[in-house]
Amino acid sequence: RDRWYEIIFEADTPAGKLFDVLLLIAILLSVLIIMLESVKSLDQEYGQQFGYAEWFFTILFTVEYVARISCARRPLQYVFSFYGVVDLLSILPTWLMFFAPVEMQSLGVIRALRLLRAFRIFKLAHMLSEASELRRAVWASRSKITVFLATVLITVVIEGTALYLIEGDQGSGFTSIPQSMYWAIVTMTTVGYGDIAPVTPLGKFLAAVIMILGYSLIIVPTGIVSAELAHPGGKKSTHWVTTQVCP
Amino acid sequence: RDRWYEIIFEADTPAGKLFDVLLLIAILLSVLIIMLESVKSLDQEYGQQFGYAEWFFTILFTVEYVARISCARRPLQYVFSFYGVVDLLSILPTWLMFFAPVEMQSLGVIRALRLLRAFRIFKLAHMLSEASELRRAVWASRSKITVFLATVLITVVIEGTALYLIEGDQGSGFTSIPQSMYWAIVTMTTVGYGDIAPVTPLGKFLAAVIMILGYSLIIVPTGIVSAELAHPGGKKSTHWVTTQVCP
Amino acid sequence: RDRWYEIIFEADTPAGKLFDVLLLIAILLSVLIIMLESVKSLDQEYGQQFGYAEWFFTILFTVEYVARISCARRPLQYVFSFYGVVDLLSILPTWLMFFAPVEMQSLGVIRALRLLRAFRIFKLAHMLSEASELRRAVWASRSKITVFLATVLITVVIEGTALYLIEGDQGSGFTSIPQSMYWAIVTMTTVGYGDIAPVTPLGKFLAAVIMILGYSLIIVPTGIVSAELAHPGGKKSTHWVTTQVCP
Amino acid sequence: RDRWYEIIFEADTPAGKLFDVLLLIAILLSVLIIMLESVKSLDQEYGQQFGYAEWFFTILFTVEYVARISCARRPLQYVFSFYGVVDLLSILPTWLMFFAPVEMQSLGVIRALRLLRAFRIFKLAHMLSEASELRRAVWASRSKITVFLATVLITVVIEGTALYLIEGDQGSGFTSIPQSMYWAIVTMTTVGYGDIAPVTPLGKFLAAVIMILGYSLIIVPTGIVSAELAHPGGKKSTHWVTTQVCP
């Protein structure tokens, strides 16, 4: 049982690494099939093959799920962990659709959640340290990021309200404050669909202001994480350098 | 009175922090209601409930405003400070609408300005130092940012004028120089609504030039604040390091 | 004459600084009037006032131009310098339109070029050093920027050609290679107007690839200038630090 | 033969540099002609001239190709190298179209691949070291970039599936999961064509979330390469600085 635990849960041994890579390929293939199934023209032609493949992967993942429970040192802890829940959610819909009536068919897309299992890729060797370094840099900047997001959201609400007042009765799509806020986010993040766009001169002026603001604001989080990655520990080490004295 | 001052105006004591958090929640809730009120379908159904909630928050904020004035060490200074004005503006419209005729109803949206009170969030503990560090980095880079914005604006005016000359009589939306400048900002900040877009080959060529310029220009402010955050004090400390000599 | 030279050409003395600031305001005002003149509804109402203002600024700038020539130590050098040509171009069109027949009226927009004079703002005190530091950082990175721009342009040509082959006969706007390249630039710089967009699955896949590429590529110039600003002189100083030895 | 080898394959001698620059100009000119040929109105007017120019460049490049083979120290290695294949592909279509029937005419656009030869520009003197430094910085960050791209792609799949479920039957363009994923990439990279856009409140809310995520995520790769360029060798040298002790 210990040997199986090593293969299934760890990625340090060659066998464990091979298991994780094969599992990753199976996950990606099964997600690909769910995607292709959603394309109507492909579903009509290859619907049956997709069904067979789906059952193949469901049985495979069910076997793996049972193996994980029986190997795990603390089975309950695994079952209620993030990956445990995702593993269950990725096999449940197919079984439910087998026993349940036809009208539950549309639930099948929930299976796409099995892609979340692909996050296991971060367990692989050298990924791990990189991912954790990035996570550390983001974590160390969490207060700065909160300040940044708070500024963005307050700007979005004020700008959204302003454009609702100015353009509300112009038929240009600013029909309510939430709708205007959606436009403000679309504009500030420089996405710019164009389904809603100001038509009055004042509205256009305010839109130009928020665009330049959004275009400039991106510097803030960039600078934060940049500085954090370049100098782990931040201000302290820099201070240390600037105050060093050779006796 | 001193105790109340501590609770209301400061955020160092547990009671002061609790007060600020509760106030923040009340502000966000009251802003949420103003937003939902602006959605016509919701307003027709829940209009009365929204009215009750609005009065609840207005009375709450009025009590708080009176408490702030009576606690403040220098009441007048508070009344004419940024937060004092915002606090007044966030309760005034509801009271005015109560006494005033129906045609002032549309002024109600000004209440959304009470969101500005949410900036008080930056008073909370560890937010404060982060916010002030960001502010310092932006402030230290103010000359560079002015140079950057001046370059952007001059580019926008020249590009706007050029496209007004080229596309003005093509019916593609470049009907005046301000309109063309609006397009130039939309393009340079990479928002790109598509409501105005060049149709002549020369116009498209110039548009491509400004796009690549805008795409490249974002490096400038990013680099500035990045460098400023990584090395507080900038050139000096770096110079110090490169010229140090161990005796 | 020396005193006038100081006032007009330099910005170190109080009088010189005041002259530059006043000139800047006059330039911005006169450009504003040209902009407003291009809005048809405003031109019909205030056309005459705009004409008076235009003559006021033209005479002012003519006086200034003559003063600059008579004060300059080497008048010819000034006349053929960048600012000398711009100064002339900003007054010439109005005089030409005065003597020339009506059909030259449309040339009036060339006057907008007088905005180029606004670049004199960079002469003002502390702007100068900042602007020159930015210019130095950009200049030091010129080879890297060339490599970056060459990569972008080659990608645009290849992607443009590919989508012309794939979508050329789909009526989705990819009518020629230059047109497809215009689309590729619009997409890669994340502007995304939407006037041209792929409709075939293969076209959409290639578009997604170039989007992610463009979204990731922006890191390259950002990193370059960022690193250059943080460490003037670049690798050398860093090396120096890492190899220092205290005896 | 050694002298020719130096001229053709190397860029250190003046003659070798001149050869490379002239070749680059010929490549760019021939690509320009292929582009202009694809514009129908120009092709009808100057079709014959384009044909003559095409033959001129094909013969030129054929001579160069033969020269390269006869000069190369290991001809076979050159023929099967990246540049060898590109060099052949850039002359083959014209010769094939000469001998082959009319219906192969459309293959002519493959000639545009000869632009790939323009990558030879990176052989030129000072470009080389810059390009290799950038390549090194990107290479050193490859694990972090993989983590970043994996996060982006998983987000795109989950968001695409979510919007397919929510908006699938709203006629707003989310007709299949691959189509929704295309939309998610267009949105997350802040391109935002607007040909597909959510219409339901929930869809708009999720779209706003992915926009802010995409807008914030760009910080990650920027920070990575930025830090890598500023501190070649990364953590080690920094650590060295922070732990140095003067005896």
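Just so it is clear, A, B, C and D label the chains in written order, and each chain counts residues from 1 on its own.
We take it that contacts are C-beta pairs under 8 Å (C-beta built on N, C-alpha and C of every residue); 3 or more make two chains touch, one makes a residue touch a chain.
Just so it is clear, the structure is predicted and the values come from calculations on it, not from any experiment.
Superposing the C-alpha atoms of subunit C onto those of subunit D requires a rotation of 90 degrees, given to the nearest 5. Comparing the centres of all chains, each the average of its CA atoms, the largest separation from subunit B belongs to D.
A count of C-beta contacts for the chain pairs A-D and B-D puts A-D on top.
Distance between chain centres (mean CA atoms), subunit A to subunit D: 27 Å. Chain centres here are Cα means. That of subunit B falls 39 Å from that of subunit D.
In subunit D, the residues that reach two or more other chains under the touch definition are 178-179, 181, 190-194, 214, 218, 222, 224, 226, 230-231, 241, 244, 246.
Considering their complex, residues 31, 34-36, 38-40, 109, 112-113, 115-116, 118-119, 121-122, 126-127, 130-131, 133-134, 137-138, 145, 149, 152, 178-179, 181-182, 185-186, 188-195, 214, 218, 221-222, 224-226, 228-233, 237, 240-241, 244, 246-247 of subunit B touch subunit A. Residue ranges on subunit D touching subunit B, taken from their complex, read 190-194, 222, 226, 230, 246. Subunit A contributes residues 143-144, 146-148, 150, 154, 157-158, 161, 164-165, 175-179, 181, 187, 190-194, 197, 201, 204-205, 207-208, 211-212, 214-216, 218-220, 222-224, 226-227, 230-231, 235, 238, 241-242, 244, 246 to its touches with subunit B in the complex.
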